[in-house]
Structures are given as structure tokens and as C-alpha cells.
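Quick one: this structure, given as C-alpha cells, is what I'll be asking you about.
Chain lettering (A, B, C and D) follows the sequence in which the chains are written, and residue indices restart at 1 in each chain.
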Amino acid sequence: MRILVTGFDPFGGEPVNPSLEAVRELGRRGLPGSELYVRPLPTSFSRAPQALRAALEELRPDLALCVGQAGGRAELSLERVAVNLADAPIADNDGDQPTDRPLVEGGPNAYFAALPVKAAVAALREAGLPASVSLSAGTFVCNAAMYHLLHLAATDFPGLRGGFLHIPFLPEQAARHPGRPSMGLLEVVRGLELILSVCAAQETDLEVAGGATH
Amino acid sequence: MRILVTGFDPFGGEPVNPSLEAVRELGRRGLPGSELYVRPLPTSFSRAPQALRAALEELRPDLALCVGQAGGRAELSLERVAVNLADAPIADNDGDQPTDRPLVEGGPNAYFAALPVKAAVAALREAGLPASVSLSAGTFVCNAAMYHLLHLAATDFPGLRGGFLHIPFLPEQAARHPGRPSMGLLEVVRGLELILSVCAAQETDLEVAGGATH
Amino acid sequence: MRILVTGFDPFGGEPVNPSLEAVRELGRRGLPGSELYVRPLPTSFSRAPQALRAALEELRPDLALCVGQAGGRAELSLERVAVNLADAPIADNDGDQPTDRPLVEGGPNAYFAALPVKAAVAALREAGLPASVSLSAGTFVCNAAMYHLLHLAATDFPGLRGGFLHIPFLPEQAARHPGRPSMGLLEVVRGLELILSVCAAQETDLEVAGGATH
Amino acid sequence: MRILVTGFDPFGGEPVNPSLEAVRELGRRGLPGSELYVRPLPTSFSRAPQALRAALEELRPDLALCVGQAGGRAELSLERVAVNLADAPIADNDGDQPTDRPLVEGGPNAYFAALPVKAAVAALREAGLPASVSLSAGTFVCNAAMYHLLHLAATDFPGLRGGFLHIPFLPEQAARHPGRPSMGLLEVVRGLELILSVCAAQETDLEVAGGATH
């Protein structure tokens, strides 16, 4: 099985992006039983989709997981929904700050992650790693990458399964944001290994109660 | 202009649902310059869509706003996205608790609210009422009602504009949930009046920065 | 019974202080069965204690409740502890920002509120008002006023019973601080009436479980 | 320099207590340049003070730091205040649940930590570890241990300096409490080493702004 994992450049004034640190460490370790490829994505509405398409064309993965920073969240959170909307509360790394714009003109309003997110969360919790399913990836570049990934899977890369993981600040980042939760790099990397092995091993999700009342 | 506003039955063990209290009070007051109709919706995955369709057929509104309780949120929150997914963390009032089921077989993955949500939030804040745009209405009956409303607008009721408002616990509810925020009934009703007058007055939204990084 | 209630000047950039608004409205209504006096306190480490002593000398109350703003809290919170420490995260209204200084040289490290705080919280919740006992009033002017009040009761004003109530932002304030909880002025005033009538009627507190593990 | 560090037994249904895990790991590593002693404390209002006194008599430390679990907090939090109050929201490990009782009959209402808490927090943040000063250690056994430690220092063990550190859930605990923050054991142990070396090296605290408005 060929697996692509991406992490983002630092943005929003942070000196590091935990997603890039984590996927690079994962790349150094490798994933037994699979061909693992790690690529950086720019935090840019225009360049992230290009970089993603280029990586898919080059690597032809069976499975792709984009990883991004969610400063303020406490858990590994597997996104379930990507929406066809760019609405940026801050500028991206190119200085672009789109407002209420579709990501793909004429594309569907949303895609659902094509990964067994509940099974992955159950496995993470079982392994002692805090995790949840999330129902919104926001409307910044993380959501854009997830949307483009699933749109590419639905159009030019049939058979590709993909999704998105949001991760907390690293402790060194939270140290500069009093009160914010964090997660150590090793826990994140362990989580990535587990998510990828669950997703590689099964296509159908666990049928367990979940979701949110609001 | 003909306007339909709905509120839900109490659920999840609460003796009241602030949405039903608020829309009933709004109904008693009326909305100058428009024909306002108020209807209750059952907190039921199967019966809420039926009641909604029946109300639309009977009343033929130009504008419809469904209102629901978001216990734990602090603000009036205008939902932007409804997803084609029923995933219930608790049973509805019929004892049904669907897992990972589409609301409408073959329907689009999501609808966006057809209301000027940013303009409404700006007007609410200007009027001294705490408000935000929300990117997830959950996967329970509130999201289901919003999805069905927008699906009906897209299919059998062309010209209908609609959306969803989540509101906090009432103080009397938060009094039984220590630490939870609340909003008084009068603030909610004032907010409803303002949202409806903004939505009645304009179709296009304000072009201001918004959204969320995650 | 003679009762003094105080509220603070706006601080920290806020145009209003909900505590001053609430005690003034309470003063307009009066409290049946008691002589109620309402006084403003400056948000100043040096002038608040002077104003408090002057009011006590002038009015000789049996009961005194200082009220202050706790932006970010969701409930009426009755403070249990005042500490002999001035440690200001922001400047007060005189531009003073003391660091790690005792409020009263040689005074006890702390005073406990001389009010039935658990009984008041139980009555508030019973009446449908969100309320809790708090174990820290901070180290700014609110804590200073509470400490000085209880120190004056312990020294020059024997028989005086006193305490402190922190209240949330008003809705109009929270409207400028997205995500923050609020409480309407009427709920706060109803809460004040109830707290004062409970405190006037009984000196001993309810013996119910409470407190915090951390 | 002789240093005592204590951690607590698991309580409240948790299978582990991160404080005991962390101080044991610290004990295995040792602290270069000092004689480090690690002792467990029972989560018991009656037995914790006895165990603490016994350890002080046996070991005669110059510095003592008690460590406890604060499930729900995101940071290493150095407590500044211990109050003479037992008010237990849950039963301790002996089944005792005291309500509104002094810890030491006739003792002062509170003690302040006799450690440079701001200097330690600054060093922790500088080292990339999330940390804050806290103004309340609660009213359960953690606060009781801190109060007794500082009371013993003020009475029978002159010259002893002491304080209290609250730490977050471990990831494996937060995995069972969705939404709660956590901190890895290695980060906690690194934090402990740093706190102890700062406290061993200096008695006076950093003069920097701090505290809380409420």
C-alpha cells in the first residue's frame, strides 16, 4: 500500500507547525508494511492544491492523509467534513485572505472523509491517545487541502482514499499561549502511525454512536 | 413577506427547549411589516422533516428560520452549513438514534444557509447581542431540520430562503448545569427580531472577513 | 437591617461595568424590609479601600456586599476567599499596577467571606439563576475590595458581615468579545435581591457538599 | 540541598495518578547536585498530613514540593495559595468527604507558597513547557497537603521552603475523558526538574507582572 502524508508550513506567526514536524518524524521512522511518502504543503490557498495534485501525480498513493495545526484543540481530531468554502480569518502565507469564495467553482458543497474515522478514534483512545471526530475543519487552508484532496479523489484519482487530521499545539507553542492545551510530538507521531495502520487495514468504519447534538 | 419560524420540543432530559419558548414569544409579539408564522417541530429524525414540509405547504413562506437549543454555547449562533448525515450521540424523542446514515438518500453532502449570516451577526453585535457564525450544526435533529429545509428549498419550494439559529440555554437551564453559559429569553427574542428583519431586508451577505482556521 | 452594596467603575477598556449598572438598578428598586444603600467604588488599589471605609463610617451597615465584573465567567459567582495580595495583570484606573505586594502590611494572609455562600448559591439555582461558589477573586482591585471589607469587619467594624459577588459581562459587552458568556442586567439584579435576602435572613451556611478538587 | 517531592495515589476513579508516576520517574533519574527523596502520599484528608510529617521528620529536607493531579487543566500550574478549608466535592480514598471544616483548628486562613513561582513559570515557558501560576489549589486533599506542608514549615520545621504543583491528566487518562487536555509524562518530568532547580537556586521571586483580574 502506497501512503502519502502531508504537513503544513508554519502560519499565523508561529515559528513551527506541529503537522510538519510530526510528518517528518514519521517519514524518518517509516511505516512497516507500506510505502510511506511525506510531503510539505504550503499554507497557501493557491499553492497547497497545486502541491497536493503534484504529489498525487508523482506518487499515486492508495491512501492520503493531510495533517494540520489546530491551535487550541486538545486532541487528535479526525475531520469528517470538508466544505467548498474559502473564508479566511487571517491571511495565508501568500498574503491572500479570501472571503466567502468557493474552493472549486461548481464543485459539491462538501465531501465526507473517505476514512474509517470512528474506527481510528476508537483505536487511538484504546492506545491511550486523546482523540475525537470533528465536524468542521474550518474555512482556512486546512479545510481547503482536505476539500481539494477529496475532490481530486472524486475526479482524477479514482480509488484514492483520503482525509484530514487536526493536531494540537506542541508544548513549546502552548508555552507562548497561556492556558492552551498541547500534545507532545511523540504522542502525535504514535497517533499518526496508528491512524494510518487502521486506515490501511480497513475501508469500512466502525458502527458506533457518535456525532454531536450541535 | 411571509416568514416561518420554528422551535423544537424539549429533548435530552431538559424540561424546556429555549427555542420553542423564544419563537412562541416572538409569535405573540409579531413582526411589523411581515406575516409571521410560528410552528413547533418535534425533536425527531422522522417527524421533524414531515412537520417542516407540512408547514411549508400550508404557509408558503418566503423565508424560514429554524431555531434550536445549543446547550453549552454562549452566543446566538447562525449556522452556515447543514450536512447530509444523521449521527446521533443521544436518542431523539422517538427513541431513535441513527448512526452514520444519510438524511436524504442521494442528496448533496451539504447545503449552505441561504441567509446573509454575516450581516445578521454584524447587526446583532451592533445591537449589543453576542452572536457568531457557526460552521457546524452537529449531526442530530437540528442539523437534520436545517438540511431538510434547504433541500426542500432546492427541490419543491423554489424561491424559499432559509437557515438555522442555535441559541444558548436559558438561565433556568444553566442553573442546573453549573459552569454553562446562558442567555435570557428577552435577549433571544430581540435577536430573532433583528435576524429576521436583516434577512427580510437583504438577500446578499456582507463581504467581511470571517471563518475559522480550524 | 442596614445593607451596603457597592459596584465598580468601568476598567480595562470597557465602556461600562455591569456591577455598577446592576447595583444602581437595585438601588432604584430598593429592598423591601431593609435600608439599602448603594455606593460606587473606583477601580483603584488606593482609592477603593478609602471609599469603602468612608461608606462604612457613614452608613454603619450590618451587611455589605461588594460586586465586581468577571469578564469570561458565565455565572453569578460568590467569592469565598480574599487574599492579602496585590498582583495586577493590568493597570488600575489610576495607572497603578502593583506586583506581589500585600494589601495590608501585617494583615492575615486571607479572609473567608462572612456570608452563607452555599445557601445563597442554592437559592439562586432554585430560582433559575446560574450561580457558583468561587475559590479565587483574583489579585486585582476586586480581591482588594473584598479583603479590605473583611479586614475592616475584623478590626474597626465588629459585627459587620460582608462578602463579594463576581458577575459576568453584560450581553452588550460580550457582543464585543466573541465567544464570551454574558448575563442580562435583569437576571443580575434578581440575583442580587435574592443573595441579599438570603444573607439578611441567615448567618449560618447550608451544610452541603461543595468545593473543588483543584 | 535536600529535596522532598511527593505524588498522590490515584483517586476519583482514575487507575493512575500522573503525579505519582511523574515523581517516581524523577526519583529514578535523580537530580544532579542535590539529594532527592520521593514519597507517595495517600489521597486522604487524615493520612496525607501524617505521611507528610513523617517524611519531613525522617528526611529533614530544605525544600519540599507536593505534586497533584488537576484533571482538566492544560498546564503545569504552580499554586500560590493554600487555604485552611476542607470542602470535598467527592469522597477521598478513605471514604471521607468533609464539608466546610478547617484543616488546622486555629491555623491561619491561608499560606502563600514559599517558592519563587513566577521565576519557575518563566523558566518553564522559556524551556517550551506550558505553565502558569494558579491562585486556587481547590479545597480537596491537594490543597490540604499544601496547607499542612506550609503550616509545618511555619511551626515545627523552620527553614523549610515548600509549595505545590498541579499537573494535567496524562494522555492515557484524557483518552477516556474526550475534550480534556493532557501532558505527556516526559514533559511533566522535565518540568519538575526545572522547577526544582530554579527553586534550589533562588529564594526570591522574579518581579514581573502577573496575577488575575478575577
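We take it that a residue touches a chain if its C-beta (ideal position, glycine included) is under 8 Å from a C-beta of that chain, and two chains touch if they have at least 3 such contacts.
No experiment lies behind these values; they were computed from the predicted model shown.
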Check your understanding: Tell me, which chains sit next to both chain C and chain D?
Key -> none
Check your understanding: Hey, which chain ends up farthest from chain D, C-alpha centres compared?
Key -> B
Study note, to complete from the structure: Averaging C-alpha coordinates per chain, one finds the centres of chain A and chain D separated by a number of Å equal to 37
**Study point:** Separation of mean Cα positions, chain D and chain B [Å, integer]
**Key:** 47
**Study point:** Inter-chain centre distance, chain A versus chain B - centres from mean C-alpha coordinates, in Å
**Key:** 30
**Study point:** In chain D, residues with contacts to at least two other chains
**Key:** none
Check your understanding: Of all residues in chain D, which touch chain A in the complex?
Key -> 74-75, 124-132, 170-172, 174-176, 178-184, 186-187
Study note, to complete from the structure: Per the touch rule above, chain D residues touching chain C in the complex are 12, 68-73, 80-81, 83, 85-90, 97, 99-100, 108-112, 118, 135-140, 142, 166, 205, 207-214
